[in-house]
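Next up: some structures, all given as structure tokens.
Heads up, the next two complexes both have chain A, just with different partners, chain B and then chain C.
And then the complex of A and B:
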């Protein structure tokens, strides 16, 4: 809402944003991040969704209307918009390990686990693993509008416990975070979805990422610390703090990096996630925000005909309210992820299925009744206001024709707009017949892929790093 | 070497800016760097680690030079002491109560707690401090005006209800000070909030020509043995509720004698600014007089009517005043013009604008106080003190 108001004000139209009580702090921070710290807001007590029309009317009349009038009639002094904070190379504390950790935690620079103190020496080690200058900017991140730099990537990498040689991956991740396509500014929304990083290429093995049994489990240095880096960077540079700018109702812990099984992909001739995303560089990271996921256990059968119904059913069951990103709120941005264990992928490939053919099969089978789709987006949730039917949306040009193949409310409709919207990765225990399915947060964390740029003398640096 | 982990008590705006950066400019312009040579010089973060052989003294020196005190020594707002404060409020530490005018630092529960620790509050005082801060955030209080005017106004805090006796907030000997921790520290905490979150630094942002002792603290309770319903009950609260009532007060004027002596002072000491804005004034009535009046059948309303009728200044005095010549005649309210025709102007528009509380020692030489008011809009703001459900047990368990 605040972002819409900022756009209106930018176009010269005065605005007041109606903001539910619990979101006032976030609204102020968001407005400041957009460079409009004085954007007026009008509080609506409580949350409108659980109020009767009479309650809502009373609240608006007694509280909100006055604030709207004030916001449109009073002028507020302009804030300068510049916030003083420590410089990149300032030493903020000299002290013991315990003191540094308490200091970082109390100043909200840590996630609660001990951090590795980011000394200049440690940061310098990380900087050896990039050819880019320490002060080079990678973008500006909302809501704090802080600049992402090579230097602060290294600082947060040190803090997360990464090894210096992970630096190329960290830089690629921040480039992806700063890409407007991804939408980092949405990272504090209430569904509290968490990003999953998918890593592809020979670098998986070079850096020792786990890509086999326990692929999403902690316990592997590279997967764990790079995943932690992501969250620390969102906190310390973008500026997402729980109880302040991060309004995730529940949220969950950061996810460890999912590394794909390159060998298996190569053997069965399936492209990687990064390749599907259009990036052909040998090493690449893909980020995408997923609301939640579930494991699909014991996929039984030796043929696609036996296996596909179960996998497709899982895809259909995993999405609920997120269907508003399929059609309605941000049509065509729902990109669920299906992770197949190698043995499942190999069995399907052996039967002749390419990845594209598999996507088509899943698209054809992962369907739900139209009435249920409509209720999830517009009746039970009010995410698409006005309760439009899928037929309405197709007629208005806001949904593909496949959603209006008949007028039967029981007709099956797909959970994504196109077969290619179903992302498929291969990882996990090579010999177990399980899969994993993630529902996606749509445009509020859209899949974004960046190549991992290696420093010129990568082989030598890596050799040195390994021999330490 | 010892170390203290202290929370920074100073204000940050919603935009993230620190109010000290504005204050530094104002202090330089006004040539006030001698008092606060370290204005704006502090780590831009939540918590600072202060080391030294005597870290309490180090914090005091630092905070004074950064402009974060009222000139008296402060208690370092350590993480532990702030935590103890927070334990007396159901609100979350990062909850924002509002923006403190005029520099609009965010009054988060945690920042208010840090200032309460500095003022010397005990944790059980914190709910009263929070209620008082909510009071100055009410637009009717006009904190922007109070903080920046050249008049010497200060918030007057009147505490009512069970908490006032339990803490206790003194309503007896020397109710206006000194000597009682709650009166001394609750009022001081509010002043530190106004200084550190609102930026009301004297001479830099606050242009009160003289200031007044009530700007250190101005907080009392009403006597529980008053013969009349207490202030909060008059204002519609239940007796078992605890409240803080705020008025914008000019310096207390002491009066010895009966109701007629008090009325005479109400008239002669009436603030023309108060009259101009139809302000609400306060009188603290001696218990000896209150009891005698009540025995004769007087109510608080009768007292107010008597003071309204007797507390008047000659219209001629008004016409000869500097304020009369300074403002356009049309700015004076109709009731003033109407009263001037009769020859005498009451201190307030109507009797209900006089807040009456009974406090002070029960002396046969009765002593009252009169607080003229300043500014607009007319204000008498009350907030309930939100207490933990088990506050009585917790208070009983406190070491004596």
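And then the complex of A and C:
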């Protein structure tokens, strides 16, 4: 909304932004990041979703209208200019471990856990693991509109406690973060969804990522520190700070990296997540933002007919309000993730199911009544305003025909637009019959995959790193 | 890392990145809104479909000759089409002869 106002101002048209009371701070920070700290706002008291029509009208008439007029007609003194900031290699503090940690925390550069002090020497160790120049720009990240560089990737990698040899993975992650396809600018939205990083390829074993039992648990150095790096980088370079630009109502802590079980995928002939995403490089990272997940315990049965109803039911139950990304708010962008333990994937594959066939079966079976779908997007949430029915949306060309196969409100409709929208990964305890399902945050963190580029002398560097 | 008086001292660098934004002036404000054309931009969330009509009614009452261009002319400013809608916005504002914009809803 503020981005739209900035676009209008850039075209020479004065604007005013309508902002609920609790979001005025975020609007100001976002405007500053867009280079227009003077963008005027007009407050709407409280939050509109819990106001009666009469109350909403009264608030708009008594508070908002005057602010709209002022915002479009009154010039304000220009906000003070930018504050001088350090250069990349400047020493910002000399101090003990405790002093460094206190300084970084007080400046909001830390997540509250102790960081590894980012000294130039330590950063240099990380830079050995990339062929790219330290000052090479990887992109510019909103909302702060700061430059992502190889150098500041290394700095935040040091802080997160990563080992230097993780650097190629960190660089690929920031390339994905900077890809407009992903939509990093939405990372401070109120659902507070958290990114899950999926890692594929031989690098999983080379760097010692856990891809077996406890795949989503902290306690494995590579998975844990790379996951922490992601959140530190969002904080320090993109500029997402709770109580400011990060408005997650609850939020989550960062997720550890999910590494796929490459061996099992090869054995059963299923492609990896990265390959499904169109990236054929040997090693790749995939990022997506997920709103939440749940474990599917003790899938029972030796055939797809026995196993699929439970998996499909879990998928249908996990996706709730997020259906507005299936149809309505951003049609076709809902990409839930189902993680199968190896024994489940192997049992399904042994019965002849390819991954694509499994996606088709889940698409056919993971359904909810049309009335419930409509209430989740348009009545209980108002995320698709005007309470259109699915039939309305299909007739308007805003939803695929499968959502209007009859007029029966009890007709089952899918939770995604196409079978391929259901992402499937293989990881976790090889010999336990559990699965896990994540609901997805649609275009506000769309699946984005990047190859992991290794330095020319990777094998030697890795050998040296292992011997340290 | 140095050791000073038996204490390990770290010289640490800045973890952030250079700001790549030039602070720019916003567009000049209007002397008055009477007789002007106001464009409505909406992200199709948080009751803009109820709020814009109230604004139209009240602004129309206070400001003689004011005209509104409804949000559906511009498309949703949030959603799968956001980048496209914002890229097309300057041209649409010009073609609709819009003098000022009200953009909602941030909630």
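Simple rule for what comes next: the second predicted complex is superposed on the first by the 456 of 468 C-alpha atoms of A that agree within 3 Å, B and C clash if a C-alpha of one lies under 4 Å from a C-alpha of the other, contacts with A are read in each partner's own complex, and residues count from 1 in each chain.
Here is the rule we use: a contact is a pair of C-beta atoms (placed from the backbone, for glycine too) under 8 Å apart; a residue touches a chain by one contact, two chains touch by 3 or more.
What you are looking at is a predicted structure, and each value in this text was computed from that prediction instead of being measured.
Chemist: Which term applies to chain B and chain C once both are placed on chain A by superposition, clash or fit?
Modeler: Here chain B and chain C can both sit on chain A without a clash.
Chemist: Figure out whether A:8 sits in contact with chain B (first) or chain C (second), or with both, or with neither.
Modeler: Only chain C is touched by A:8; chain B is not.
Chemist: One more residue to check, A:351. First (chain B), second (chain C), both or neither?
Modeler: Neither chain B nor chain C is touched by A:351.
Chemist: With the two complexes superposed on chain A, say which partner A:343 touches: chain B (first), chain C (second), both, or neither.
Modeler: Neither partner.
Chemist: Tell me the contact category for A:67 with respect to chain B and chain C: first, second, both or neither.
Modeler: In the superposition, A:67 touches no partner, neither chain B nor chain C.
Chemist: Using the touch definition from the top, say if A:106 reaches chain B (first), chain C (second), both or neither.
Modeler: Only chain B is touched by A:106; chain C is not.
Chemist: Once chain A of both complexes is superposed, is A:84 in touch with chain B (first), chain C (second), both, or neither?
Modeler: First partner only, chain B.
Chemist: In the superposed arrangement, which partner chain does A:236 touch: chain B (first), chain C (second), both, or neither?
Modeler: Only chain C is touched by A:236; chain B is not.
Chemist: Check whether A:93 is in contact with chain B, with chain C, with both or with neither, and answer first, second, both or neither.
Modeler: both
Chemist: For A:244, select first, second, both or neither according to whether it touches chain B, chain C, the two together, or no partner.
Modeler: First partner only.
Chemist: For the overlaid complexes, name the partner, chain B or chain C, with more touching residues on chain A.
Modeler: After superposition, C is the partner touching more of chain A.
Chemist: Quick one: minimum Cα-Cα distance, chain B versus chain C, in the superposed arrangement, integer Å.
Modeler: Value for chain B versus chain C, nearest C-alpha atoms: 8 Å.
Chemist: Identify the overlap between the chain B-contacting and the chain C-contacting residues of chain A.
Modeler: Residues 37, 79, 81-82, 85-86, 92-93, 95, 103, 144, which sit in both footprints.
Chemist: In their shared complex, at which residues does chain A touch chain B?
Modeler: Listed in rising order, the residues are 24-25, 28-29, 31-32, 37, 79-86, 92-93, 95, 99, 102-103, 106-108, 144, 243-244.
Chemist: Can you name the residues of chain C that touch chain A in the complex?
Modeler: 1, 7-33, 38-39, 41, 43-51, 54-55, 58-59, 62-63, 77-80, 82-83, 85-86, 89-90, 93-94, 98-107
Chemist: Within the complex, which stretch of chain A touches chain C?
Modeler: The contact residues of chain A facing chain C are 1-5, 7-20, 22-23, 26-27, 33-42, 44, 47-49, 53, 56-57, 60-61, 64-65, 68-69, 72-75, 78-79, 81-82, 85-97, 100, 103-104, 109, 117-121, 123, 140-141, 144-149, 152, 155-156, 159, 180, 232, 236-237, 329-333, 382-386, 443.
Chemist: Under the stated contact criterion, what part of chain B meets chain A in this complex?
Modeler: Of all residues in chain B, those touching chain A are 3, 5, 13-18, 21, 43-47, 49, 79, 92-94, 96.
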